[in-house]
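Each of the two complexes below includes chain A, the first together with chain B, the second together with chain C.
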Partner chain A sequence: MENRDYKGYLYLVPAVLFLGIFLVYPLFDVFVYSFEEGYNFASQTYRGFGWYNFRYVLRDPYFLQALKNTLFLVFITVPLSTGLALLLSVALCSIPKVRELFQTIFFLPYVTNTLAVGLVFMILFQKTPYSDGLMNLLLSVFGIAPIDFIGGPYAAKLFVLSFYTIWIVLPFKILILTSALTSVDEGLYRAARIDGTPPGRIFFRITLPMIRPMIFYLIITGFIGAFKAYSDAVAIFGVNLNAAGMNTIVGYVYDMLYGDSGGYPSYASAAAILLFAIVLTITTVNLLVRNRGRN
Partner chain B sequence: MADTGRDNMEYTGAPSVKERAVKILTMLLLVLWALVVLFPFYWMILTSVKGYGAYNAEYIPKFFTLHPTGENYAEAFSAVPLARYFLNTIVFTLVTTGAMLIVITFAAFAFARLRFPGRDLIFVAFLALMMIPNELVVITNFVTITNLGLRNSFTGLILPSVTSVFYIYLLKENFEQVPDNLYYAAKVDGTSDLKYLFKVLCPICRPTLVTVTILKVIECWNSYVWPRLITDDPRYFLVSNGIQEIRENGFGRENIPAMMAAVVVISLPLLVLFLIFRRKIMEGVARGGLKG
Partner chain C sequence: MEVTLRHLTKRFPGRGKNKGQEVIAVNDMDFTIPDGELIGLLGPSGCGKSTALNLICGLLAPTEGKILFGDQEVTGIPAEKRGVGMVFQNYALYPHLNVLQNIIFPLENLKGDQKLTREAMRAKAEEVAELVQIRELMDRRPSELSGGQQQRVAIARALVKLPRVLLLDEPLSNLDARLRLKTREEIRRIQQATKITTIFVTHDQEEAMSISDRIVVMKDGVVQQIGRPQEVYDDPANLFVAQFLGTPPINVFDARVESGKLLIGGEPVMDTDVAGGSPVKAAIRPEGFEVDPKGPLSCRLKAVEVMGRDVSVVCEHEALTGAPTIRSIIDADEQPDDEMRRSGVVRFSLKPHKVLLFDAETGERLRGAGRDKRTFAGRS
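The block that comes next holds the complex of A and B.
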């Protein structure tokens, strides 16, 4: 009997081992790195402890550019994708006959390889000496001169990245919202109809309040996800994001760690910690807003 | 809004002009977004069957081709080691998913069925780990794997991703739904814990195991960041890194049709998997899968 009591630990050994080595230890280690000044990756030595890494990162123009890009991306894609997902979900639920088909189609971007399909977007938007590309063909119908979306003006590049990001994140949001919408109690709608409530009022007074928790969930996870943007940018602009001027904070972290500009785990750690300080702040603000709205 | 437009019909008889207009607009919106979603897929397939010369001669892109060719697919497999990337990804996906299933099944079983001191406390600690973002720990993991000399090896690729707290949680919840009686009956029969786990619990909880497997396979197939950090030898590239390599160095930059053929080949397995397990995947994702 005594023996059996401890057998449970045996089953946990693999999980604890892996989590300990690759999740818990690194979490502490990243803070240690971020304060080790002048860390040398080859000799694994450092000069001393202090805030230097954070000061360096905050003054690095590449980081500031990455911060700017990420903030733009977050504040463009989160509201737009959530709004669009809501619109499409309501539309889906209003025509039950075609719901299954469209839901399947809308979900496709979720099961695609971000890097691979990003190349398709690059081709659609790219302007090369040989061709203006499909997007510019479309724009020319409206009389707009060709724009190089991949290597051209900042706003154009930001547009492509935001568009691709929304394309990628929408399936998850639509899925969550449609299941939230279908779980709203039918009785509420029936009662409202008997009272002769106009459709707009029903939407704002019944539907929206009922699915509000899910919308907030999507906004919060949307913020977190958008702040961590990286692969989407690589998919469209290539590995050297600094050269394209389209780096993101996560991209900055990886560039500091590895590659031609790499070998600085201390700077990478400081940048990663800064990122999560921002994410934590925004998540907290979101939660506070939600709780205030509730009371 | 539109939702109520339909339902009103039951009460007011024939649909009014306004209701019909709303319905048409709704349909239009759905079709429009469906086109936005599908078009990139159409374009990649179309481009992949256009001849190299034909493609580059199109200053204005054509929306169809009368002379589809398979040469780009041959090129994709011969000019770059696409088959190798493919094989690597399959090995990586199978081993990672398999190892993870074993690790999480044991952990979930311990939490759901066994009794030992501190069990609930340890479980809460596990749940707390879910909040740790991957981006924070990847730096040290990179250093750890480098110091162990495991860069450019499957071991280095696989090790950090064989555990998932979320899947342990999901499986534990499911294990707990299995009636206690079954466990005690098995005990009376002298069945060992291990045998009970694999002969009774796992078969009963197969749907959850399948969901977890599919989600993990999707994650593995699309993983990019960790493989990029840990491999710089093309012999160990996965498809995501492979396609990036192809983009930067392969084929010569202008051979877009061959590039698109590679993209089609890489995208196909997951799309097929999705069409087969559509319901399971969507249900699994709704239960807590998150991209990125």
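The block that comes next holds the complex of A and C.
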């Protein structure tokens, strides 16, 4: 019936309108912006279309620094946080009596404001003329000279940012993995026990394959989340990330739009499109690996 | 392998509302399973039969008592060292491994001088797959198998390391009726071929009766009776066992014994040498009725259900307890005649050996002085 077809599309209208206006159009617009050369924010005019914006961004040392920071952050925090979450989840599941208590404790960072956590991290790590910070106090016990984590060497700053990121993303991963672990059929473990399977083999041959889809989900969302990192860096290093040398790609995009060097939507768009291309590539690779492992 | 249970008891601490109150799941189980037999552990849900199985396989530790495999005490030995094979109710096949990998899994765990080469493992897996007839399914995943095929894979996996004892937990409950019939014969065949002492748990009395060498009837953690299926059916130790075995179930009447006569609803229905006086329960198997115009037991006829080979006569009697109607099974050519159907009254005479008397209070079996002196077998 024609009438019914028409009605079906009618139901789609709110969603299509909403997504179209707030998602598809901006995406398209960003794409167009990224190719508009010499765009003038005030007069809203441009000279022509081309690759200039991409060339500019890729030669901008601030962008390259942001790219380097983001890549470091992604490839350090995603494997570490996922591995750590797995370790903690397995440990949690092996102590059934106090599991819920510890689950709540581990979940607290998730409901805590990221900026508040950032403040706490500053207190922990920052070196001021009056104090070396709690972390340095701890290090001095082991005879290590105080390090300026916030304003000091790159490795120290990267360490703090990675530490912070892992701390922030861990609760969600633990939540997902503990529920994945508890949903594994208890009968499989009993069968394995009766057959005399050593614990390590149970973990690698039964537990891990059973929660594999969840691990992949966490890795993919972890990659995407880490590529989009920005507020975490701000929380620790303040708003002038370029000065701290700790900017991220999203931070670069923001600076290009609204920062002190702002007013360049074309460069911001080009950087955003580059980020999109990177995330798309990595997600595709992830999915390919997952699907190959499945068959 | 002979399996001996000595005063086996398992108590669980109470939880929640019943905190501090212990639950006795298995109470003083004490019997020996002869080598190479197939034993059916039978009882209603919550009777402790699965707990008993878990005690034997070692997944649970008993509160009291001992378990022996042959002469070796295994009570303190962990599950993996007992050499038992177990088939779980939901089969517990590893979903990410194919059939061959599932069957080989237990062999890959062997260590030291028991360690096998890949070829030897494969050969063993093929051998046991042949036995349970799943040779052609070796590279399928469990999700690609039917319930019956999964069941066979689970049995193959349990058998591949040649267990001393094979345990099956409700092995047929996830199968449909037709497959259940076929699979239980299959289990019997495999057990006979391997001669491995096998214990299986079920709440389905027909299943237990049909394939077991012996059945163990349990209630509330206590063994009620042990014996060959026919013996237990013909000669139940108490009313519970009598009611639990048989389909349709046994018909129970409030009755009395007076001067050598059994009275149902005040009418003498047959002679008995059980001592009289107190009220009794008279339980009559469905096949214990015979339609007889001059029979002593008169009932109101409700319906006659024709099932081909035989007929079930459904009727009512005021002395009946437990069920609303009496169900009797008679030969198809001995149906109530038109006269009985018109009047709505059917009269039965009773086959004495199908009428069992029980103490109305305790449910214990009442036996006559002259006959029926058999004590129930197996309980030593």
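Operating definition for what follows: the second predicted complex is superposed on the first by the 276 of 295 C-alpha atoms of A that agree within 3 Å, B and C clash if a C-alpha of one lies under 4 Å from a C-alpha of the other, contacts with A are read in each partner's own complex, and residues count from 1 in each chain.
In this section, contacts are C-beta pairs under 8 Å (C-beta built on N, C-alpha and C of every residue); 3 or more make two chains touch, one makes a residue touch a chain.
Everything numeric here is computed off the predicted structure, so don't read it as measured data.
Colleague: Is A:250 contacted by the first partner chain B, the second partner chain C, both or neither?
Modeller: first
Colleague: In the overlaid three-chain picture, which partner chain does A:195 touch, first (chain B) or second (chain C), both, or neither?
Modeller: second
Colleague: Counting only touches as set out at the top, which of chain B and chain C does A:210 meet: first, second, both, neither?
Modeller: After superposition on chain A, A:210 lies in contact with chain C alone.
Colleague: Output check: A:12 vs chain B and chain C. Expected answer is one of first, second, both, neither. What do you get?
Modeller: The first partner, chain B, only.
Colleague: Which partner does A:26 reach: the first (chain B), the second (chain C), both, or neither?
Modeller: A:26: touches chain B, not chain C.
Colleague: Is it chain B or chain C that touches the larger share of residues in chain A?
Modeller: B
Colleague: Which of the two partners, first being chain B and second being chain C, lies in contact with A:97: first, second, both, or neither?
Modeller: In the superposed model, A:97 contacts neither chain B nor chain C.
Colleague: Now for A:187: first (chain B), second (chain C), both, or neither, which partner does it touch?
Modeller: Touch partner of A:187: chain C, not chain B.
Colleague: Considering only touches as defined above, state whether A:110 meets chain B (first), chain C (second), both or neither.
Modeller: Touch status of A:110: first partner only.
Colleague: Under the contact definition given at the top, report the residues of chain A touching chain B in one complex and chain C in the other.
Modeller: 193
Colleague: Which residues, counting only chain A, touch chain B once they are in their complex?
Modeller: 5-9, 11-12, 14-15, 18-19, 21-27, 29-30, 33, 84, 87-88, 90-95, 98, 102-117, 119-121, 123-124, 130-134, 137, 167-169, 172, 175-176, 179, 181, 189, 193, 199-200, 202-203, 207, 221, 224-225, 228-231, 234, 238-239, 250, 253-254, 257-258, 265, 268-269, 272-273, 275-276, 279
Colleague: Which part of chain A faces chain C closely enough to touch in the complex?
Modeller: On the chain A side, the touching residues are 185, 187-188, 190-198, 201, 205-206, 209-210, 212.
Colleague: Taking the touch rule as given, give the residues of chain C at its contact with chain A in the complex, in rising order.
Modeller: 57-59, 79-81, 84-86, 88-92, 94-96, 105-106, 108-110, 157, 161
Colleague: Taking the touch rule as given, give the residues of chain B at its contact with chain A in the complex, in rising order.
Modeller: Interface residues on chain B, with respect to chain A: 1-8, 11, 23, 26-27, 29-30, 33-34, 36-38, 40-41, 43-44, 47, 56, 58-61, 102-104, 106-107, 109-110, 114-117, 119, 122, 126, 129, 132-133, 135-144, 159-160, 162-163, 165, 168, 193, 218, 221-222, 224-225, 228-229, 239-240, 243-244, 247-248, 254, 256, 259-260, 262-263, 266-267, 270-271, 273-274, 278, 281-282, 285-286, 289-292.
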